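After the structure tokens below, expect a handful of questions from me.
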Amino acid sequence: MEIEREPLTSSTEIENHEGAIIEDLRASSQNPLSDPTEWLEKTIERNILLTTVDAAINWARKTSLWPVTAFTACCTFEFIGASSSRFDIARFGMEVLRASPRQADLLVCGGTLTWKMAPQIKRLYEQMAEPKWVIAMGACAISGGIFHDSYSVVPGYNHIVPVDVYVPGCPPRPETLLAGIENLRRKIAQNSIKKSGTKR
Amino acid sequence: MTLATEQFILNIGPLHPSTHGVFRMRVTMDGETIQDVEPVFGYLHRGLEKLCESHTYKQNIPITDRLDYVSAINNNWPYVMAVEKLAEIQVPLRAEYLRVIMGELQRIASHLLAVGSLMNDMGVFYTAFMYMFREREKIIDLLEMVTGQRLLYNYMRFGGVSMDFPAEFIPALKRFLNIMPSYLDEYDSMMADNEILLSRTKGIGILTPEMAVNSSASGPLLRGSGVKWDLRKDAPYSVYDRFDFDIPTGNNGDCYDRYRVRMEEMRQSIRIINQAIEQLPSGKEKVMVPLRIRPPKGETYSQIEAPRGILGCYIVSDGSTKPYRCHFRAPAFINLTLLQELLIGQKLADAIIIFGSIDLSMGEVDR
Amino acid sequence: MNIADNQELSSHLRTHFGEGIIVHGEYVEITIGKFERVAKYLKESLGYEFLSMITAIDYIDYFELVYRIEAFQNKATVQLKLKCEKVKPVVPSLSHLWYGARLQEREVYDLFGIEFSNHPNLKRIVLWEGFQGYPLRKDFKVKSYDAGN
Amino acid sequence: MNNWLISLDNSVGNFWLQFLIMAVFIIAFVMSSVIMFIWTERRVIARFQARLGPNRAGPFGLFQAIADTVKILTKEDIIPSLADRVLFWTAPAIAFIPTLMIMATIPFMNGFQMVDLNVGVLFISAVSAISAIGIFLSGVAGNNKYSLIGAMREIAQLISFEIPMVLSLASLVIACGSMSLTQIVAAQNVPNIILQPLGFVVFMVAILAEINRTPFDLVEADSELTCGFNTEYSGMKFALLYLTEYSEAVVGAALITTFFLGGWRGPFLPGIMWFVVKMIASFMFILWLRSTLPRLRIDQSMHLAWKGLLPLALVNLFVIALKNVFFPDLSLWISVPVYILVSVLVILLWAGFLRKGRKSLVV
């Protein structure tokens, strides 16, 4: 199907168009989305045939998690601290920082999310290829932190994208982030390709 | 003859690997050269100044930490100095020295990050960045020894600082100050005469001194173009007039000079800290001040030389426990007025380098 | 020509521009009519070439703009004040004198709603186009914490 | 083992058998060396940056590359709605197949080679251009502005570095009289890097630009163009492009070994072992450059190609031709030091000229 897109030329036209997108996203996402829980009920009716295949694919997905970073504020430098020489997340195979969301499968979002930034994060999440997970890093990402009551701040990323793992702290220490990643890896290990289409 | 090429609009968007945060430039390009730049701010606008109006004076200190989160201690300084000037609080001498030492340590860490990410934009695949971050981790260990935090310290209070140095801090600081100059020489030898780095930064993004002053740039951007203006020397606050150090300035204001100014400033900061350690007086590290301080009615402005430029804080108080108005003069925000002036006519690859050499942190730009 | 303190400066300005200039402590208050000419005089002949800061305050019945301009040679700074009414605030823009005033004036317009006449591109800088109201005004109530304290 | 292969050669039926065996060997060789190179790259670059590379997936992180491939293959395969569908499908294939075709002509051991083309050099330089076109198409097909810029840079860089590469190979062909790779390897009882240092420098820089490795990785410049040409690819097609990036590095390393480091010839070890050792050595050199050098701008890299490498390649060609015509039987002890001296002199002279023209390099 062909999307006809009228050419937006003048910058005021573009800004009004973007302002409208921000306004209706703000109106539509007042309450948080539910966290994905499909990996919970899967532990009950395991399909014997697929256990080894599940284990193999989950091991592969777990060991090579490629993050795309959606960082806005201070947590950027704690994630960079975590991926630098001292707390090296490359040991877990996460060091390939793919700047393009198509190839990434983990969205690490940290820092204060403002309403003007929300449509960008939503589009980034939708561009990512399917088995994808989200880590909300830092107090601002979980609930808006000390800026939660400001007029332009989204109280938490889960209003915009379903979040898998919350990493507390403002900013969280690199060790906390590594613990969060370890939790995510345990969560991935319980996925099954039988119902691999996650109900987002 | 010129080819009839069609221009196209490219979004160097909020989530770009080298925009140092969420900053968006709507760039109209003709092939690789940039015809027009339209910066879009506000992706990290947390309404910080409105927030300051609804919190008491002491609650605002952690909020100022989040302003320029790369050098968090320097953000508290102007806010705390302004309230002290309003409420006439006398800061003990030892507290001033503690503030100078921590402020200068934070300046080295911030410059390390600025130069490291400039190397990243140039394509050195994270190697220079990792080595600079290794040094920054050493400084963060020192700061954590005093404040217990890694990035946002909430260190300064009205009338002094929150915690004195623990016993093992000064020896650790001395060890760090001995090895740091050798690391800086190592970076210089690796990068300063690297042929590709020279050809990528020399003569690119030239900023004339008149234009720099006229567009109220400050910090390494201003000193890179040869204007010798540093608040620590020209309008000395706290105890800076007791140290002798010199102000590095570039001569033709291109990206290479800004790189040299930042490297040189790190060496000067080491000199300052060494002198501060020798002259460190004994005494209390802070004066007891009531928790819900009520400064008298009035307004003050105080400013310091933050790593990115002149960071000022303008407070209006109406005698209540909450500031009536609290405005921060953010150097990175004002340095960005030069964006069109510097980027138009450059190639895309150069624009990324020039943008990296301006060195901004978005918390300060959008407040 | 270095003018040490405000008293001397304001008397010097008064001789040039008549009585539209009052001094409050460190601040020199100027009426809107004479503001542009005083600013141009300060920049050209008195050598104040570094515009350090522009900000505004909402004193319930009027807006007040604060300018802080510095001269590098003689290390002198002047802090100007300018009152404008709440209903239709229009203030002369200084962006043709100092290039650095552009973004700061746009920010004051965005957060206070104070118009700047003949500013190159006066539009919202930090908030998005569809945002109703001007946040830093005292009458802009934010639901949670204003009710709280 | 190889004489058994040679004995098979004569009868027609056995030709197809030998062809099949070699095809399987080449694909296995390329795939396994790509997997090994991915692991080596991530570990060695981590070592350069004073940190540990991946070490959680198996002993020393050996299964990291396997985990990467399995994960990419099981990911969702997105085709952007405005992308050019047919081109989007075929571009990665066009980019990958030429690298296998080049490997077909490279002699791994004495007689152990897919096909001994007597126009080997010509074939290689022709086919290497096709993979660049594949990368260009993948950049254009994705309908993404960043990949479009990456694609344009790829073509500009390919054209400007093709001629110095071919000229440096031409001087090789003159030196050993035939274009077939087995003859070139046979003629190298002294590796060509010593006989023709200037040719080696030109060829090395040109190969770096062909396989888009630093300092010429403008196509996939992740600080400017997010991911360059493979921004829009995901899943299986991205796996192919990721494979192309590394198989080009394998092919580049293989070409350097066969032309300049003496191919599979070496004192004690069997031929194939020498070939692999030399290939890894040249790949390490490429990794060393990747983690330490910044990136050139596109006009600087083209300026280097036309004004820097081309004259050096011509001088190299001239000197080799001169040596072959006037004193063909000059003993090595004289010709090698003289030629090294001449090439060092020419490089310094030319670099000085380019540096003096620094303004031209910058503008």
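Labels A, B, C and D are assigned to the chains in the order they are written; within every chain, residues are numbered from 1.
Operating definition for what follows: a contact is a pair of C-beta atoms (placed from the backbone, for glycine too) under 8 Å apart; a residue touches a chain by one contact, two chains touch by 3 or more.
It should be emphasised that the depicted structure is a prediction, and the values quoted were computed from it without experimental measurement.
Asks: Tell me, please, which chain's centre (mean of its C-alpha atoms) is farthest from the centre of chain C?
Replies: So the chain farthest away from chain C turns out to be D.
Asks: Which chain pair shares more contacting C-beta pairs: A-C, or B-C?
Replies: B-C
Asks: When the centre of a chain is set as the mean of its C-alpha atoms, what distance in Å lies between chain A and chain C?
Replies: Averaging C-alpha atoms per chain gives centres 43 Å apart.
Asks: Taking each chain's centre as its mean C-alpha position, how far apart are chain B and chain C in Å?
Replies: Comparing mean C-alpha positions, chain C is 25 Å from chain B.
Asks: Averaged over CA atoms, how far is the centre of chain A from the centre of chain D? Could you give it in whole Å?
Replies: 38
Asks: Provide the C-alpha centroid distance between chain C and chain D, rounded to the nearest whole angstrom.
Replies: The computed centroid separation for chain C versus chain D comes out at 62 Å.
Asks: Could you check chain C for residues that touch two or more other chains and list them?
Replies: 124, 127-128, 135, 140, 142, 145
Asks: Can you list every residue of chain D that touches 2 or more other chains, as numbers and ranges?
Replies: Touching at least two other chains: 49-51, 222, 226.
Asks: Can you tell me which residues of chain B touch two or more of the remaining chains?
Replies: 16-17, 42, 45, 47, 50, 130, 134, in rising order.
Asks: Can you identify all of the chain pairs that touch?
Replies: The list of touching pairs comes to A-B, A-C, A-D, B-C, B-D.
Asks: Quick check on the complex: what are the chain D residues that touch chain B?
Replies: It comes out as residues 45, 48-51, 145-146, 149, 152, 214-215, 217-218, 221-224, 226, 290-300, 358-359, 361-362.
Asks: Show me the residue ranges of chain B that touch chain C in the complex, using the header's touch definition.
Replies: Counting only chain B, the residues touching chain C are 41-42, 45, 47, 49-50, 54, 211, 213-217, 227, 229, 234-235, 301, 303, 310, 312, 314, 316, 324-325, 327, 329, 333-334, 336-337, 341, 366-367.
Asks: Enumerate the contact residues on chain B facing chain A in the complex.
Replies: 13-17, 21-22, 26, 38, 42-48, 50-51, 62-63, 66, 69-70, 113, 129-130, 133-134, 137, 140, 150-152, 362-363
Asks: In the complex of these two chains, what residues of chain A are touching chain B?
Replies: Residues of chain A touching chain B: 11, 14, 69-74, 76-78, 80-81, 84-86, 97, 99, 111-112, 114, 116-117, 120, 124, 146-147, 149-153, 170-171, 173.
Asks: Which residues of chain C touch chain A in the complex?
Replies: 123-124, 127-131, 135, 140, 142-145
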